[in-house]
Structure formats: C-alpha cells, structure tokens
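Once you've had a glance at the structure underneath, I'll fire off some questions.
Chain nomenclature is as follows: A, B, C and D, assigned in order of appearance, with residue numbering initiated at 1 for each chain independently.
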C-alpha cells in the first residue's frame, strides 16, 4: 500500500447512489471529520519536522498534507467544477504521487529537498480545497453528485491511508535524531502478562473470500471468488517481543539456513540484527524508539517493524509458517473488528489483554505479513483512467499484509483489506501471526 | 531456477530403491551420457569464450563445467567414499554456487575474474570426478548405493539445468561482441505460416496439481494438492514475433498505463524498446542475435527473451492476461511432451507447424511466464542439510515459468516442472502464452 | 575552502599580542559585529529553508549557525573556561564539521536529515555561546587572553567563511524549487556596456609571494617564499556571460578536444551544457537563477558558477589559459582591494564599470579559478592539534581560486588569500580571468 | 601515464631528420626489437590470462597486444599508405584507447567482456601490421619517411609503456586468484642488508628543468624552463619495506591526523591497512604477491604498490615530505641511469646494494611519487590532431612520479620523464623517496 485508494466497480457505484441520494450532508460531515483528523495528527510537530525525508520510502509531512488535497483537486474539483481555479498551477507537478496519466511529477526521492510552498502555505492550500469542495457539494446537481460522491469517498479513504503514513514516516524522521525527540507522551497501559500462544483449528474446504458488501472497498479486494484450503492452524495472538528476543538470542540473525536467500542478503547488506528501531545497550538490554519516546523493549508487546523476511525466518525457526492471505481472511471471518486503533492514541501496539476463545489482535496493533504475494484476484479489473493506477500497477514484488495497526483509523479497518509492501520494508507497523 | 536440483522425499527414495537395485548399470550409463553431453555442448567454443562473465547473472562456461563436478564431489564422493581425495582443496571455495552450509564461496559476480584453473585443468577435474564416481559405483555396498543413487540422480538433473544455462549464458557472452560471433551454424527449417491463435476452454472445478509419480522430480513440485479454478481460456500456441512487433509498433513500450509500476521503471531505467537481443537497423528492419548468428527477426517464430514485465504488458495490451501456473498445468495435463528440445539442435524456438486440436508448443521452444509467484506448495518441505538450499530459499521475488525451451534436454522436461526467474530477467529463452 | 580557518604561527602570535594587549574591547566589538552579521544574512529565510541539504556539498543553514558557535565553544570556551557547561552534550557530535581529533561526528551528507534542535533552539545556542564568550573576555587574565585572542580571531574569520557558504548554499536550496523562490529583491544597477578585454604585461623575474604582514592570515598563505616567473599577460577584467555564450554557441560543450579528460567526463556524465543555474527557454533565450530571482542572463556581467573544467576549456577555446596562482598574486600586488562585496548587497556579480588602467574586478565579484593545484607552500607547517586540520589536510584534488566574490565580507578579502575547491565544483561564485 | 606516447615538436622533428635520413634500417631494427619484446613478455601466459580485466584500471593482455598494433595502423599505415587495407574494420572501434578525434570506442571498463578476436587472431593482427609497416619502410619516399619516422618512434615508446602495463596488469589479474598462480620463477638475489638512509644536500637557486636534448621525449617533458628552489635534502635511497612496517606497527593506518583528508577517506572506504598485494597471516607475518610467486615481505626491499596518499602519510609520519618533481630532477641531474630494469627479469624491486656517494635507486626499482600535481610546464603546447590527446588532456587530478621501475624497459628511462597516476592508484610499481 503505497499512497493509494481504489475506485469502485459499476455495481458498487449503483449501491452507493441509493445511500448518497439520501445523504449529501452525511458525506460532507465525513469529509470534514477526516480532513480535520489529518491536521490534528500534525499538531505536535515543529515546522522543521514537516520538511525532512529521512529515506526514500518516507515522505515529508508537508508533502502528505498537500498531496491529499491535490487528490481532491485533481479527481473531484477539476473534474466536476468547470469554474474551479487552482491556487498554483505548479502544485499539480509538485504533489502528484504516481499517476502517469495525470502528467509529470516531482521525483519521489527528492520530496525532502523542497522548502516551498511553506507549511503555512500548504495549510492555506488545504483550506482552499476544503472550501471549494464544500461549495461543490452545495451546488452540484443530483446527477453530478452521484458521479462525484464515490470519488470523494475514495479520496477520504486515501486520506486515511496517508494519516497512517504521516505517523509511520514521522516516526522514522524523529528516530534518526540522536537527541531522541518524541512525537507525544505515552498513555498509561496496565501491566499485562500474555498467556502462551494457542492454535485455532480451521477445516479444509471450499471458501469464498473478497469484498461483496454494500460499503466502500478498494478494487483489489474484489471480486468475491472461491478458493480451496487444506486443514490449517492459526495462532490465537501475535508474536511478542519476548518470543522474538528468544529467536535473536538463539542466533536467528546468524543462521542463513532459516532465511530466504534474498532475506539473508538483506541481513548481510544492512547488518540487520534486530527489528528496526531497536538497539542494544552495553549492559545487554534492548531499547527501542517509539512515537512516545525511547525506552526499553517490553516482552509482552507484539513485535513490530520487522520485514517479511524476518517474519518468514522467525516462522521457520519456530517450526511454523506465515498464513496465506486467504487463510487469514477465512480464520478472521467471524471475528468482530476491535483493537487499539489510531483513535486510542497509544501509537504503539499493546499486549494482548486476556486469553479468550477469540482470535486476538487481528486488528489495531500491527499489520500481519502473509505468505501471499500481492496479485490480482481472479476476475480483477482496474477502473478506467488515472484512478486505475491506484492499486493494480503495484501488483509485483510485494507481499500482502492483513489486519490493521495502532495508527490505522478505526473506520478504515476491514476484513477483506489487502495492505501490501515490499518484503524488505520495515518502517510500517508490521508484525507476525503464525500458522501451520 | 538458478543453478539447481532438489533431493527426494523419503517416500520417493523408497520407490527409487526398487528400480535402482535392479539398475546400478543403468545409472552409470545415464551418468556417462549426461556428463558427455555437457562437454559436447562446449565443443564449438574457443578457450577465450569459457572465461568471460558478461553480466552478473551469467556464469563463465569454465565455472559451469567445474561447478557441476563439484556437486558430485561434495554431495556424493566426499559423503560416500572415505578414501576420496580432492584434486585441489581450493576448488571447494571456487566452485560452490550458493550452499551456505557447505562453506564460504567465491563471490558470484566475480566468477569472470578468474583465469585459473585453466579450461584444460577443469576438463581434467571433470575426468577425475568421473573416474572417482565410476569407481564408487563399482565398490559401494547395496545399502550405500541406495543412499547415494538419488543424489546422483539429483546431480544429473542439476547438470542438465546447467546444460541449458551454458547455452543461455554463452549466448549473452557472444551477443555483446560487435563482431557478431556465432555459436554454431543454423539447421534448415522449412518456411511456415502460423495460423491465427485460438483459445482452448477449460472448465471451473477442483483439480489436483503437483508431482505424484514414481520418477524423479524436484522438491518444489511437491506435494500433490488440490486447487480450485474458475472457467478460463488458454491460447493454443505461443505468441509470435509478428504479434509482438504489432505491440511495439502501437506504442507498447511508450504507454505506462499497460505496465506494472516496477516494469515501467525497468523500461525507463534500461531504455527497453524491444526484446533482448533485438536491434533495429536504419531501414526500420528488426534484427536479432541468435546462437546461430545475427539475422532478421522472423514473424512466425515465437517471441523470446522477454521479461515477465514485457509478457504481462503484452497480455494487458492484448486484452488478455498470463495464465496462473495451476491453469497451465491443468490445461497441459493431457498433452504429450513433444517439441524441439536441445537435441534437435535448433538453438532457437521455431514456428508452430500446424494448427491441430492440441495445445501447441507447450514444451521445447520457450519457457512460458505465468502470473504466479514462486511460492511453496501447501505442505512443501525442503530436505535436511545443504541440499535443502537447492530450491526453497529462492521462494521470493521470482515468477514461475512453465514448459521447457529449445535448449532444455528432452529428458529434463516434465508437466509439473516449476522453473523460476526474477520478473526482470530476459536472458533465458522465456516467452508468452496468453490466457483470459 | 570547505568550512575552515587556520591558526597562526608562533611568530604571528607574538605580533598579535602587542595589539591585543591594548585592545580587548576591540576584539569584543569585532566579535559582536561578525556574529550579528551572520544572523542578519538569515533574516529573509523561512524556517523550512534552514533545514534542507539540496546536495552533499550544501549544508543546511541551521547547521551553519550551530557549527560556527560550536567552533567557539570547542576551541575557546571549553579550552579557556573551566566552568563552562555545554548547553547539550550531543551538540559536539552534531556540529563538528571535520575535526577528527575532536571526536566523532554526524555524517556530512546527512546534515539535512535532522529536524532538531529546531531553528529557535539553535538561535538560543548562539546566544548562549555569545554570552559565555563575552563573560570570558571580561574575566580572563592577560596571559590567558593572549592565548585565546588569536583563536577568537580565527573563529571570526571562520564564521565569515560560513557567511559566504550560507549564501551559496541557500542559493542552491532555493534554485531546485520549480516555484523559483528568491532570497531577496535585487538592487538597481545602472546599464553598463563593458569594454573589450585588454591584456596587462608582466615581466619575467624572481618574485616573492605569500603573507608576511602583521595581521591575520591563514596558515596556507604562509610562509613568504620566492618563485620564478616567465613573461606573461593577464586579462584586465573578468570573462563576461556574453563571451561565454559565444563559447557555448560555437560548440564549446560539444568538442572533447578542448577539454581535460576528466572535464569531458563530467560534461557527459552530468549533461552540462551551460553554467550552473542557467537554462534555455524554447525561444532560445538563456535564463538564470540568482539570489534575487530568476531572470535573463545579462551579457555584460561576469560569468559565474562555472567549474574549473569549464574555465579551463573556455580558456583553451580562447587561445589563452588560466593564470597560475603566483601569477595572479604578482599581478594583483599593487592593486587596492575594492569591488562589490557582501555588504553591497548585490548578491550577484556586476559588470565592470569602466575600462581604466587598473586590473579590474580582482575582488568582490567572483572567485577566479587558477591553473594551480592547492598544495603547501615550501616550508608550510600546519599548527599542532585539531586546529591543524583546518587547511592542510585538504591539499589534494583541489584547485586554488583567487580574489573574492560578491558574497564575501569586505574585511575577509586579502591579496594572498587562497580559496580552494575541487575542479568539478560549480555552486560557488566562481568565474574566469584569462592569462597567456 | 595511462596508455600513451607523445608526438614531437617541430624543432625536434628537424633534429630527428638528420639521424633518420642515415638510418632507415636502424628504425626498422628498433621496430622489430620492441615488437618482439612485447610478445616475449607474454610467453608465460595461458590463453585464459589474456582475457580478464580484474578491475577497471587493468586492461586484458589481449587488448594491450591489439591496441599497440592499432596505434601503428591508425597513425602510420592509414596515414602514409593509401593502399593499406585494415584486417577488420571493427578493430578501429575495439582497440582505440581514448582518442576522441579518431572516433568512437569500446567502453574501457568492459574490455574484459570480449572473447573475440581470439588471442590467436590478435597475434595474426600483430603480424599483419608488422608486415605492412616493414613494407612501408621499404617503399616510402624520403620525404614521407621523414614525416612518418617520428610517429613510428612515438609508437615504439608507446608500446614500451604498454610492456610495463602488461606486467602490472597481469600481476593484478593473477593476484586475485586464491590459487596464487605466478607469472614466472624468481631469479636468485644475494642477501643484502641496506644501510641506514642518508640525506643529500641541495642548494637553493635558479635551475633549469625539462627535456632539451636531440633524442626522443614526450611533449609533457617540454619545454626547458627555469624554476627557483630553496635549500632541500633528498634521501639517498628508497624507503624499505622494513621502514614501512615500522610505520604500520606504530598505527600509521589508524591516525587520521597524518593523512590528507581524501587519503583518510580511501583508507576507511577500502579498509587499507598495508600496501596492495600484502596480507598478514595469523602468526603475524606479512606476505605479498609478486610476479614470481606469493612469499614473505622482505625488509630490505623497497616498499612498492603504495598510493600517493600512503607515500604522503608515511613521509608526514617520518617528519619529512615527498620531493617536488623539480627537486627530484635537479637532484638526479648528474646521476647515470642504472638499476634493475625489465631486462634484468627480477619483476620486483630489489634492495639497494651498497651505500655509496651516489643517489641510489633513482631508476629501475619503483616509480617515486612526487609532491607535484601533473600540470603543463610553462609554454607547453600539445601537438595538433589526435596525437595531441596523448598527454595533455590528462593534466588534472593526477600526481607526477619520477624514475622508472623494475618492469620499465631500460631504453625507456629518462631524467626528465614524467609518469603520472591518480593519487589513489596502487597497482603500479610505485614507491617512496623522502625529502625535507
């Protein structure tokens, strides 16, 4: 999932229309809420923090704020409001992320080289786009509204993805600073001792996966289709830091035979010996950078900021494996969506609280690497035009992650959600759930 | 498929035993035949040709000749013959390909920097290993033979893979030379006009795929397992150069919207505008380097030396897609294995001869990119020890290819064979079969 | 000259003492003036502008502001005031430029990745250091003052070098932004038509060069020594943009035979076809980024932002050559130091006003590349300790530039001054004076 | 000195004419001798050794053999014999080294990727060029001979440079092979204990340097010109391995303060801790690869295969410095040219035999790094046309070395000879003579 949201199928547009006809105000309210939440996330930042790109995968906060506005400007305002005048023609070039069909764009790894427009000017750009969109919702015909509403909804889901990215990116920006600046204060969490991990049995058989409901979903979650699964078991909670420390202390990073060849190459090239953001003090203790400060690694918390390669090697070392994405979805199918999301303001995964019959920690702590490459579902069709670039073109060299993390907005989580990142990526809140 | 062959499961070992007990001489004969064929392939080469590594993926011929001998030395002779003395202790370091558990090794991209042992010395090394192995087969006990025979068979399949690699690698070595040296003379092929491509219908349903027979197969083809397929259609022959030229002339390499994002990046980084080995003369004609010389592109021949990205973009442009590997296997299930293999000595794919009811050109022309990532089958288990490194550790960032090519030995082709290369690779005989 | 100032020889220390004994207040006044001027230069900047490092040679403004304070802290306050307490121990690591003997340091190409300390905190750091230094000057004994005063003077010259660097660096930062932000407004300059370039004759003979006066000079300008020169001629003014445009239009960047081999390699690698900051519009006109905005290239202005390679190729094309540094110094020996310096606030070189008998534009417009490598003078001795790293260790792979530029503080210019940069550097105000 | 020889000034051509008129046969004899010597040098090599380029600075032997023939073909045969027909038009592209004015050329770092023409074909090419040149010398008019003779002489000096390069390059090719192949057997050298190093005094004054005789010299040694020198001292012999080991054992490679900044950067980037070709065994002894095998470092031999940076750091550590090139030439001015050259067939520098009044080891052991950048002499003029590219265009980023080495042909050494390499180069026989 690199900065994206996908358009909706014709059938889905139809369904939406019914709801939207009734609810122009509802959409407006949702728009205000999401746009406001984005800015609320940036409150603790200094101006300097908005500017820096600490590695190519990271975008500066000022860019996120502008790009999410550019999305509404490009796909809604310019498309639906003939009188709309852009605040600055150059913004189209500066804030396009990857849409080839929209035009040329500023090089991604150089987003951190720009100082203008300033942060203040970007907030003004946001306000300008907000006002234009509110105006648009006021005057468009019913027919035009029905066309534009699904794209606005797409834009809001897109902006929620960037809310998560703002936090994962700013975490990286702050983490490289030897002064250990912190994003915010941590909230108190009671002491918890997690129970030993258990296994849930799942039966072989034909299942259906994919999104088939009335609401919003990305194109890559569709269509619903049948798959066959053998018997399997899935872990009832996430892998903890304590379990991962066992892996480390028993030579996890020193034995090539438990690693994929490409993973071992990463280990050696980058000198990986622990998850991202961890470092070991001379007394042997492990510390980690969190958004709420630099502190000791806690054994009961889920391990996070591991790559697919580390997740896969850990699973191999455990005598288990990672679940395929269809296994995850089938296992999670009857569970409710709960967990500590962005709104809980922990900004870090927390320990599983009790050991009940449910599959714990499916959502709201860390995204869970699956053993599945990110490929189109049978029958997948990307929409026409530039919005077709949202998801489909990234379907190579990436792995699917399922669930949701501690910085995902609650309303953004979904059973069928397919997040995706390259197997070497570690700066997202990515963790491990085992299968076998 | 990077330089490899995999050991056999316990059950398979059992099956082999029956045959092998009867047939120690049969194995010896097979051994002699494969080893001799490798050297026959090298006959047309000059000493200089054996030395060069024209890009990191290519290995020098002298390395292939030595490495395939090292395989028998390491996994058979040292394991089974306590009296075996290596011809030079340093060879272990020089000719290990990627087996971490065997020990350190000479860096792969620097294989072309070595001039010693000389080609003559390497042929002596081959003869030394051959003699030792023949001796071993003469004196080992029945019990020891049963242990060692499957590994010898693995070694022979391994050597056949390198027979193909010698030819694809030497093609690259010769191709970069402006003098257009050629490996050998071409054999006459009658003029053929291929018929328009047709589609074969396949029904939805539960199928079994994977290798479950008595003979040899790699670990990655196992175990047999069930999969569910929707209805699909598969092309009855390979995509031709003429069809690919249409794609090119209609802007195939100029329109980002038909490419995967990573593919478009390759196009721009490397300036791809045609398959590997093609170049355009000032009069507009397209020429290509073949093992039998530099000559015009022939419209009726299957297109080859395209990457997965190009295959995928061509399919998108055609309004079709690539088959998944299970679709390919199910479709090919009832077809006989025929085609022009290494032994036919064309060294280049030839046109489909007639349009009959069969699925044409499944084997013996070009490997066919599938839409499937190279991942373990459900229940896959790599063998213990260094031979477990043969296949399993490469299961990331690669795509599966099915079939066999014009430089695959005939006896090496198999319905369930899973070849694999990274999506950007173009120097293998890789081509396109469509599905939809 | 990369971020530096050099200590003084024992003899020079002696001379200083006489003056300093009389003038503790004079030094304090000078200190206040230089420190204030640095901050005045930053007035037009936005906070965002302080943060970015647009290429490895450029340092962020926030770093310059902190590093110049670190210099006083490290070499004066910590050395002379036992009660001095650093504002933050980590600053030593963050703001050391290249002094190995002082300790480890933050990697230079990553200076633009830091957001903290914030700009506000860095100004507080400056104020803290200023106060501590003022306090120090109040209480130190005469003896201690005599030791510390030359280092303070060195620190002030060091800071003046960084005043120039702040402006050349921020020019680069702003230049890469497609919005064409400008540092400040330009001041009016009357229209001028420069006269044709003339040649001044210099006689062969033995000369003395190097610094031998009582005032401040860097170690690399010393000692005075004799050199022998053949007859030569030197241009009476700088090369203009108009003359350089002739070079360009006659294929200057297309003919390898007028370039040094390394220079031609740069031309091809980077696609150079004009000075840095120039670009050509579709109507054929040449525009350039200046600190005072983006505007047409003016023919009568001195050409600037050329590398040594371009200066050398231009000279070869002209049938001339660049002067050796000793030729420049001998020719400039009797001229007064005048020109438009930093204080004139043009921030760009201006045209030669009239053609009189003097050598024009020696100082105050652009630094002038010489044909001399930056090497130690015969008898050169670097001082003991970390301050010995100021100049001497950079004496390889760099060329000497003479004169001073439009962003050099007036009091920093000197006949014997040896500026130095690698031959490929273009982001300084570097230009061309011919010899033959 | 990268693969080159320089044309002669008009005055020099004049001088030559007198000699050449008398001596057409003499030139022919010299031609035969040099051409034969090149091939004699290659006698010990295997075909495989001719092909490899072990690093970008190294050229394959097959390239050297062809390029030196190409030189005669291009600058003599094609220029003077209208009937001359090239053996293969593509050779012009393949074997041009760096002459832009001659046309395009095969990329230098890819010289090791070619396998054709084969070594046998290249020897045929040499014979073909030899025969054509002998024929030419037989039929050309006196007038044409006078034009062509200086270029032939240039070509012979050029070929002598490549004789040295063949040996330094093949040393590198063989050195990287863990089998320690050796070029030839070593000749016995009696045990010698060198005397402590002494200093020779030189007086300040005006001197003349540069080539002003009747014979052959490169353009870069001309014209003769005056320079002024202060008093200095120069070491009476080369620095030994024993002295260099002292430097190493006292932390020479661990103290940044004795290194140039660029040199320290090389030390850290490449992990330098000894001269090239040295490595330390577990028992603490130092071994080295020589052309005559892998063996212990001998304390009394001159140290070689050090870069300028190492020479400079060693000198600084010794409390001395390297001589400037004019100092070296003035000091060597009255000494005879003797030493162990290529013809002595030691292929490695040998110890100074006795301590007499002479300056020892000026020639025939190792090239001696000077403190001088490679710059044009005052009044230097490169010849017109492609031969003007021979020397002049390399006058940046290189240091001058003086003397001659153990693989320089005896007749190639000269008092005024200016060899040049980049300061980081170590694969030549480069060593250290101190001054102060």
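Methods note: a residue touches a chain if its C-beta (ideal position, glycine included) is under 8 Å from a C-beta of that chain, and two chains touch if they have at least 3 such contacts.
It should be emphasised that the depicted structure is a prediction, and the values quoted were computed from it without experimental measurement.
Under the contact definition, subunit A and subunit B share no contacting chain. Using CA-based centroids throughout, the chain positioned farthest away from subunit A is D. Each chain gets a centre from the mean of its Cα atoms; for subunit B and subunit C, those two points are 61 Å apart.
With each centre defined as the average position of its C-alpha atoms, the distance from subunit C to subunit D rounds to 38 Å. If you average the CA atoms of subunit A and of subunit C, the two centres end up 47 Å from each other. Shared contact sites, meaning residues of subunit D that touch two or more other chains, are absent.
Contact topology of the protein chains: cyclic, one closed ring where each chain has exactly two touching partners.
Applying the touch definition to every pair of chains gives A-B, A-C, B-D, C-D. By the touch criterion stated above, subunit D contacts subunit B in their complex at residues 46-52, 54, 62, 88, 90, 93-94, 106, 110, 112-119, 173-174, 176-179, 181. Those residues of subunit B that touch subunit A in the shared complex are 98, 100-101, 206, 225-228, 230, 256-257, 259-264, 308-309, 312, 371-373, 375-376, 378-379, 388-389, 393-397, 423.
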